[in-house]
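Below you'll find the structure I mean.
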Amino acid sequence: MLELIEGYYAYFFLILLFLIGLYGMMIKRNLMKKIFGMSIVQTSVILFWITSAFKENATVTVFDPGIGLENPDLYLNPLPHTLMLTAIVVAVVTLGVSFALIIAIYRNYGTLDEPRLLERTR
Amino acid sequence: MKTPSGSPIIQVAARGLVPVIQIIGLYVFFHGHYSPGGGFQGGVLLAASILLARLSLGTEVSQLLFPARKTIIFSALGALIFAGTGLAALLAGGHFLNYEFLPLPGLEPAELRNWGILIIESGVTLTVMTSLIAIYDEIIGC
Amino acid sequence: MAAAAGLPPRGDLHAPAHLLVNPAGAPVAGAYYIQHAYKHAGTPNIVTVVLADYRGFDTLGETLVVFTGAISVLFILRRRRP
Amino acid sequence: MQWQIEILLYIILIVAALSALGIRNLLAAVVILNIFSFMSASIMVSMGAIDVAFTEAVVGAGAVGVFNILAILRTSRKSLD
Amino acid sequence: MNPIQIPLLIPVTFLFASLLTPLAGLLGRSWAHLVSLAGAVFVFFLSLKGLGAALAEGPLRYYVSGWLPPMGIEFVLDPLAGFLEVIITGMTVLVLIYARKSVEIENPDKAVPFYTLTMLLMTGLSGMVITGDLFNLYVFLEISALAGYALLAIGGKRAPFSAFRYLTLGTLGAGFYLMGLVFLFMTTGTLNMADMSRMLPLVNGSFTVTTGLILIILGAGLKMGLFPLHTWLPDAYTNASSAATSLIAPVGTKVAAYIMIRMLIISGFPPLIELLTWVAAAGIIAASILAIAQSDIKRMLAYSSVANIGYIALGITLANPLAFIGAMLHILNHALMKAVLFFAAGGIFIKMGTRDIFQLRGLPKKMPFTAGAMLIAVFSMVGIPPTGGFFSKIYLIFGAIEAGTWFFVAVILISTLLNFVYFFRVIQTSFFKPYENGGTTDDDVKYESMEMDEMSPGMLVPTLIISVVIILVGLFNGAIVDKVITPGHPWFSG
């Protein structure tokens, strides 16, 4: 039981986080809240990838002459880290664009509440 | 904030902080080969310093620090530095973005890669910094 | 959530992503990067090497994403200047 | 002992996510979202991904926070749910 | 130019064009247009050449930065990718010719960013088609998605809101894709597509892999507007400017469909796709019925897009050669038909000032060429023999028969009938309604006074070119199937 928790707790927390973000995007009516949900979803996915790079008793991905390069088990897996740098950038830029859209919506309608927007767009 | 902040505390703090953040940004960018950091983080820090200046000094004054109209041009130029490095390697006979073939004289392959990484990271820094400033400027609407 | 139970445990050294050679016989990228990055680029930070060299096109794409973001915001919000 | 600390961080992370979605004052939600971002950066550090953690911290504090606050100031501060 | 470099040059040329366009925009709008058009034309010929080379010598592979596949990123141009690449780039050229005038009328002060975003969108789409690396695909996906959100956000007053809904759902789709990818990455340890397809049989059948695939397909479905996930599509298409819609509608969703094809090929068509077939069939019927209820022509076309995406998904998921050929042919046909119809809708809105299909009276008299092109496209949509649409539907029906699923045959036939119903209203009001009550109503007087007032040549020529191509595709469909689609087929080329 303890092993199960130790091995898998991160996945369960992260999937829970993903579902929380999904709930924010689907149920919340304020567009700003939808964006927060979106960013939570993205963070949970990023953390999931980082978890996939983790190795027990391994050190960070900077070359250390004292350890050497022969045994890759002594360093963390650098590939997911690299990919997630890109993913974070993408997340930030998406946030920027969505703020631009929100401001454009507010300019046109003066509200960010989804039911009211649906009313006014009719 | 289109107008300068009225509080003297903010003014003084921003004046002190902006150059420090810029230096840290440059350090992060150049030291990316040895410690965590690199083009993107350096770019964000440099952008943050200018955003701080815009927040505290007001849009009008901080235009002198970095004019809003030129952001997109520099953004395109930064990406062009990156892509142009790749193209140079392609034209010199290698694969796209293969830094071993960069036309820089008198360097070992490993050193060439080292320099190639530095060149493209500078492109990334320029693009990230100017793009973030551009997004800020458009959101604030100047 | 049940699907996560099929994943390799966190920190497992024998997860497929961390092996030297995968069961299909191809080398696995992560270990290869660790073993060769310093030799190839003379840079201690492996992540930087992977980011800028081995997967350089991803980073180019990332730069392009940032550029796209700037252009998009400009396209959406800019009004006609006087 | 590492994983016990991480569990604590995860719990704070989830509480922060829930309260950021639940609170009605958007400016407060942004502050909580900054905590959320910082917590995720801490988790990354504890898993050894210092590059990513550094990026996340820089981005969460520098760019996203400023954009969030700007967008809220340009629109409205209150949320109905 | 070495043919081995073609897979690289296709996205990279678009990339350079997108970076040079804003710089050229400093000199003036027409320079920006010229640069983007030159880039698109160049890539079009490049992709034709690449398709030829791929058919002659097998898939072209390019290793970016010189690293072999599992380490570096590889670009693969196999016949399937080449076929899609030709469609995408050809469409881009024609849309750019069309867009010059259209943008000039609709929002002239945003012309330079518009061309830049077009080029960025095409960088993303062509890169998605050509890449052989699953994470690189995500990066390209985001480039094209961001450009798409921005393009669809300009238009009517409601456009930003519909673009925002597209953004949230699109980002969610990308999140699902990335989540599925991490499941696959953790079980297989690779990101390269060829590597992945070799690895998956060793671990297949586990619940984790299945979940990963479901998540990826869910993400692709969100992006392509497959039926229950289509809610963003009609709004976004209706409210955007006509240049943007005619750019995104023909190609954007097709590339998402292509991702789905790729994933299914990589995973070797797992059993879960039967469910997908039913979803696609439900989507065809439901979207056709919804299309009948619309009176706005762009909205109707958007629902018809959803229905046609359903055809493509149906053809892919039936998982037999004939249906696959039908799906590929339908990707081509649908891109052509939708381009003509959206071009025509944009032109009609400019000249007649309406998008209501019940006020299109006198269209053939006022805009004869547009009406003719539209008629051809409608014939193709419904599936009348000499046009391309007929043949793709025939292949789909044969595919369904071969799979032994008579239900899906019925679905295709019923939806053809529904297609006929909703397009017939357009034909009826515009062609067969000269006089009603002896020529006395106001409407008739307006009709009398109508004179020929055609779209400007820059907009008309692309429309006519595509409508000729529709007929050509119909006439030479055998050649296309034998020479291009069959070699690209996963069961034939191995």
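Letters are used for the chains, namely A, B, C, D and E, taken in the order the chains are written, and counting of residues starts over at 1 for each.
Assume a residue touches a chain if its C-beta (ideal position, glycine included) is under 8 Å from a C-beta of that chain, and two chains touch if they have at least 3 such contacts.
Everything numeric here is computed off the predicted structure, so don't read it as measured data.
Novice: Going only through chains that touch each other, how many steps at minimum separate chain C from chain E?
Specialist: When the steps are counted carefully, the minimum from chain C to chain E is 1.
Novice: Quick check: more C-beta contact pairs in B-E or B-C?
Specialist: So, comparing the two chain pairs, more contacts are at B-C.
Novice: Which integer distance in Å separates the CA centroid of chain D from that of chain E?
Specialist: A distance of 38 Å separates the two centres.
Novice: Quick check: how many Å separate the C-alpha centres of chain A and chain E?
Specialist: About 30 Å, centre to centre.
Novice: Calculate how many whole Å lie between the centre of chain A and the centre of chain C, each centre taken as the average of the chain's C-alpha atoms.
Specialist: Roughly 15 Å separates the two chain centres.
Novice: Using CA atom averages as chain centres, what separation in Å is found between chain A and chain B?
Specialist: Averaging C-alpha atoms per chain gives centres 24 Å apart.
Novice: I need the residues of chain A touching at least two other chains; which ones are they?
Specialist: Answer for chain A, listing residues that touch two or more other chains: 6, 9-10, 51-54, 61-62, 79-81, 83, 85-86, 89-90, 93-94, 96-97, 99-104.
Novice: Can you list every residue of chain D that touches 2 or more other chains, as numbers and ranges?
Specialist: Residues 50-51, 55, 59, 63, 67, 70-71, 74 of chain D each touch two or more of the other chains.
Novice: In chain C, what residues contact two or more other chains?
Specialist: 4, 7, 15, 17-18, 29-30, 33, 39, 44-45, 47-48, 51, 53, 55-62, 64-69, 71-74, 76-78
Novice: Quick check: in the complex, which residue numbers of chain A touch chain E?
Specialist: On the chain A side, the touching residues are 18, 22, 25, 31, 34-35, 38, 41-42, 45, 48-49, 52, 79-80, 83, 86-87, 90, 93-94, 97-98, 101-102, 104-105, 108-109, 117, 121.
Novice: Sort out for me which residues of chain A touch chain D in the complex.
Specialist: 6, 9-10, 13, 16-17, 20-21, 23-24, 28-30, 32-33, 36-37, 39-40, 43, 46-47, 50-51, 53-54, 58-61, 76, 81, 84-85, 88, 92, 95-96, 99, 102-103, 106, 111-113
Novice: Taking the complex as given, what residues does chain B use to touch chain A?
Specialist: 34-36, 40, 128, 131-132, 135, 138-139
Novice: Within their complex, state which residues of chain B touch chain C.
Specialist: 32-36, 38, 40, 71-72, 75-76, 78-79, 82-83, 86, 96-97, 99, 109-111, 113-114, 116-117, 120-121, 123-124, 127-128, 130-132, 134-135, 138-139, 141
Novice: Under the stated contact criterion, what part of chain E meets chain A in this complex?
Specialist: Residues 135, 138-139, 142, 146, 149-150, 153, 157-158, 160-161, 163-164, 167-168, 171-172, 175, 178-179, 182, 185-186, 191.
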